[in-house]
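In what comes next, chain A is part of two complexes: it sits with chain B in the first one and with chain C in the second one.
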Partner chain A sequence: MSGNTSPIRGSDLGFKMTRRELFIGAAGLAGAGALLAACGGDKAVGPLSFGARTVDESPTKQLKALVAAYEAKTGNSVTYNATESNAFQNNLSQYLQGTPDDAFQWMAGFRMQFFADQGLLVDLSDVWDKIGDQYSESYKIASTGLDGKQYFVPQSWYPWGLHFRKSMLSELGIDPDGIYNWDDFMKMLDGMKSKGLIGFAAGDKGGWEAMGTFDMLNARINGYQYHVDLLAGREKWTDPRTAEVFKYWEMLVPYMNDNVLDLEWDGAMQLLLQRKAGAMLMGSWFGGNFKEQSDADYEDLWIIPFPEINPEHKRDTIDAPIDGYCVAKNGSNNDGGKDFLAFAGDMEGVQAMLDTGVPMTSANKGQDTSSYDAFQTQQLAVMAEAKYITQFLDRDTRPDFAGPVVGPAFQSWFKNPKDVNKILESLQAQWDALPPL
Partner chain B sequence: MTPLRDSQVLKDRAISIFIGAFAMLWVFPILWTLWSSFRPYKEIRARGTFSMPEEFGIFNYTDAISRMQLPTYLWNSFIITIPAVFLTLVFGSLIAFVVSRYSFKFNVGMLLLFTAGNLLPAQLVFIPVFKLYLNIGDVVGDRRFLYDSPWGVVLIHVAFQMGFATFVLSSYMKTIPKEISESALVDGASVLRHYWNVMLPLLRPPLASLAVLMTTWIYNDFFWALVLMSTDKKRPITSALGRLQGEFVTDYNLLAAGAIIAALPTLIVFFVLRKQFVSGLTLGSTKG
Partner chain C sequence: MSSSATRPRRSRRRRAFSRGDRLTLSIFVGIPTLLHVVLVWIPAILTILLSFTYWTGINFGDITWAGLANYDNIVTKTPAFYDALRNNVIWLLWFGFLATPAGVLLAYQIDRQIRGHKLYQSAYYLPVVLSLAVTGIIWNFMLRPDGFVNGVLGRDIDNAISFFGNYDINIYVIMVMASWRHIGYIMLLYLAGLKAIDPTLREAAAIDGATEWATFRKIILPAMRPVNIIVIVITIIESLRAFDMVYVIYGTSAGLPILGILVFQNIAGEGASMKGAAYAVILFVLSIGPIIAYLRQQFREDVS
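Let's look at the complex of A and B:
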């Protein structure tokens, strides 16, 4: 570890969330919005620009509603700049150094801390003073940079879990809630296999899809702390505990489709949609695709936490990436950006987005969850079972490590699982060779 | 028929089959794109890529045109591509003219310099260029002077493509008999007149073929527009193609329709200049 011990603590990478806190959040504090309606919305800040990290139809509708509500309330005009998410992400470093929009959409965790550390983001502590009590502590931790100040306002989240079709499980006579540990899971996979189906649909063409599986296996086998320590470089990839993860992963391979590296995540989803596969570990965002196909498909979709492997760690960790907003230091109107975020983070702004009818699991405590459909309610339940929340591997570790190093390493593991030790050694060597941040 | 001719026929056939097979290989992805562009993604998602079509129509095209905001982005592409191609050809031919028609100490060195510049990968130099643009902007007092401006992208394209244009044009000029230049000089033509009235008319074929190539390259560029611009609404059509791609879900059928639409202008340029293009490629290949 030649000088690579980056100053990242466990609590920076993921964050703790107690069940009670989440329950409070989920239950929704009625009136929180009304109480704080006075927050945000300063006429004096003048026109500003907002950079959206999406051109997709549904989120665009939500964001435009948010902007419209802000304009209506304050009279400040907002220029809306939308960029396709991959292009936006790849170019963020230049974007922030050049002529960025005042406020922009981004992600929590390491990806935010990285840019905050370079002085490219504006300290939002005073925004948090206004809206902080609408969020549980865990969200505040996720919004905090390495220096202890807040640089991020959360918008929404989605959980990673085991997705399947209820009807397919009931054909096998399996109760979804009965799948609790690894043995139950294996029994389900065997059942699928005996019917000639793919047990565990997987795709890793993009290089990032399989990271979710690694996250869950590592957290289940070695626990949350080991997982975040590993990703922060405080534990070694060559540790026998890391190798253990791949032993379990290899047990899943016989149940996977044989073209893992040819499929992107949506190829794996199609297997589930077409009833060719029994289960898939993925983020719940794709519920919309099922709904687009038909309501019946959507109602058939279900999610449970990834099964327990080591009883010591139960099912206490979940990948639940949080999306939100930041203010860019090099923008021309920092105060305008902050003012806009104070509105976006406030229940009033959140409500404007919810009113579009596009489903969203908001980070704000004030969201009325009674309007959730069954699948959304189940997502909340899955989330509630977890004590620790991680952001997903490529958001939890250095960006120059996740994409260029870990992605290809997992892909080469799929090609030859027997090479695991060689792959882990090379992962560790490449981590050690990274320049200090 | 003599046995010699028989073997010639056989050889020709083998070559035809070989070429035919490669032509098929080359045409297949384009035809497949075209075929996919008429089918809805929903059908592919539910029944697989190779399923028989139930719905078939131009719905992806109408959808793509509106989602890509085609007029805006096509216009952006034009105001980047047209000036960039024009300036590249003007400057390229000027340099080629000087280094091939006048002999002075550094003319080979200069040609080498311009050609070598072409070999630098864009990914290597984009950070310095980006910082340079910002610094110039700070000096002028407007950060968007070159950065986030179509002119900045035009300039970088001119800088990058000029090497290749110079190289091609100077090679071509070397095939033009020296006597033409000598008689122009004897008649008292100035340097500019020599360039404008004598050389330029002779350069039409290579200029046309370069114009086709440059248009294609600059029009197809995504990289420079991405790193040197921050406002998506100013970016060219290659960026608009990204608008058809979701963060998680990509409708490949819609994307296929968008790709076909985006490819049309370069095809049009090619067909307009086709005759010159072919003659430009072969001219200079034989002397006599």
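Let's look at the complex of A and C:
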């Protein structure tokens, strides 16, 4: 809490840390072997509770398997509480200040650092002493708070990229590997359109989905550094370079479904699943949803990096958010929470989740990548091409800006793309009006 | 003229309270008052104070004075505020000129026992037992892109009618949904009042040859004044405090900005700031202002 005296500098530091150094070279995931350090397994910690921030079928199956494996190993009983993810996010402040679960699911980066800084999370440095050698340095950085201690244990990550069905592209006679730059991409979209299909499935009813598109366009057009600086307030939304992003975005609009503001991410996914749309920019987490539908649908799914726009920046940046767990300080059993996370972060816990058969790209180095299916291997390849890794707009900028300001601004842009200058001016004005951190 | 006469009488009566009476009275008045102050007034006053500060809502030590900055931000820099204001005004006008009169009309017709009145009564009453959140869930099932209505029309999600996503019409879609419940609610209130009206009044009017409309306007409406006040106040409050149904459909995204959502969006979750408190104060003033003005005028008329 001592950081409160110089809050602005503190948060600025946070930005630099999360973004610049944030697991550059995270692609070094590949190292197989080197499993199982001594795992948690303290039997005396007693019953604890775990808060999941999902009610979806696939992740629930994984988390329940994790909990069951922990219970079987240690004999500690775990109460499993699940909350729908938006509701969980909205209530997190109150949750952490009230009577939270001992361990809960959360996200790395700014969002974790904020609550750690407020003293609501438990220092997990000793958990990292146990499991740290199973993670590459980049993950440790992403799990570290502004005070240099770890407050987070990573579970999994997923890249944001262009997803499509291989079968649909081959019907068009397009080789996915041939889609490298914007022109290739446009050619694909035209191909889809000429067949009466939606080229680029989009949904933004939730207000956050389109942020991924902005991230990628901005990074491709203006580069990683500009993107990071813009989100940290060091560049202006009114800069013509920012306006350029919307020029490209507008080129995509004719290829989008008409009801962007009526669909949430899963609606856009349905368009792809039902073969009504050719491509979608989204995080790869939804592979599980395809698999729920059928194995054939899952095997048809493919991802490539978002196409190059400015040759200077190639395809060097990717949004790859890390999900994981924290321990709540106000929980009744901090030791229990830590013990559980030591297990969840250990390869043994990860393996219990993988054994469910639900695809997951774990953050743990120990995950045997030779067992990856083709889609997961491709995710690694997409990741490996990127030099810079960002989390996601709403994890990389101030929460009081991302949700209440950027989300609605992008929605109003979809309503009328011609208003772009007005919207950007308003974004900048609202950034300038934010209270000092 | 009566004040000089009542005052001594009142004080005489107070002296007649026994100790037991006083104890009972202080418990019966004291506890609710205490609860009211603790649960309503203190949070309200704190919200007003906090709306002049910057704070993330976690550590008290982080509160810093902001003056009018939050209000300035809302009024001069936040386009969503004016969208929300517009939507709340549409809500109020719609309720005031369509839904509430429809409820009154329905109550009047049912009270006259038109054919099938039992059916109408239960059909319109049914939604009232549902909370607004449940109403929202039901309508969401009906109208979302993969919902019932689009299904019946044979539309898939790629060409579904965009009930919630088309910003030109979505407020009216929401208004239909909200009216579905509001009409029944007003009908119920009004019906209860109508039952209490002496039927001879109406008979007398009929004998004097008054038309239906004249009877309603000249006899029923004035006789229903206490209920009218309640209905008007409820209409204003319901329109301004609207939140649940919109939240169920849009969450905290700005799909349909209304003031209630803006309060929540800025005070819940990680983005918590006292801008949310400032929205709450604005909403409070907007709701309480017209109601106080209206009630004062009504009571003044009563006194004279």
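Going forward, the second predicted complex is superposed on the first by the 399 of 437 C-alpha atoms of A that agree within 3 Å, B and C clash if a C-alpha of one lies under 4 Å from a C-alpha of the other, contacts with A are read in each partner's own complex, and residues count from 1 in each chain.
One rule holds in what follows: a contact is a pair of C-beta atoms (placed from the backbone, for glycine too) under 8 Å apart; a residue touches a chain by one contact, two chains touch by 3 or more.
Just so it is clear, the model here is predicted, and its values are computed rather than measured.
The partner of chain A that touches more of its residues, comparing chain B with chain C, is C.
Contacts of A:72 after superposition on the shared chain: neither chain B nor chain C is touched.
By the document's definition of touching, neither partner reaches A:374: not chain B, not chain C.
In the superposition on chain A, A:86 contacts both chain B and chain C.
Contacts of A:99 after superposition: chain B is touched, whereas chain C is not reached.
Within the superposed three-chain model, A:270 lies in touch with chain B and with chain C [touch as defined at top]. By the touch criterion defined above, A:412 lies against chain C but remains apart from chain B after alignment on the C-alpha atoms of chain A.
In the superposition on chain A, A:206 contacts chain C only, with no contact to chain B. Chain A residues 86, 90-91, 94, 97, 270, 274 lie at the interface with chain B in one structure and with chain C in the other.
Residues 54, 56-59, 61-62, 64, 66, 69, 72-73, 77-80, 144-146, 156-160, 162-167, 250-255, 257, 262, 264-266, 268-273, 275 of chain C touch chain A in their complex.
By the touch rule above, chain B contacts chain A in their complex via residues 42, 45-48, 67, 130, 134, 143-144, 147-148, 226-227, 230-233, 239, 242-243, 245-250. Considering their complex, residues 1, 4, 86, 89-94, 97, 111, 114-115, 118-120, 198, 205-208, 257-263, 267, 270-271, 274, 276-277, 398-404, 407-408, 411-412, 415, 426, 429-430, 433, 435-436 of chain A touch chain C. Considering their complex, residues 53-56, 81-87, 90-91, 94-95, 97-101, 265-266, 270, 273-274, 285-286, 288-289, 292-293 of chain A touch chain B.
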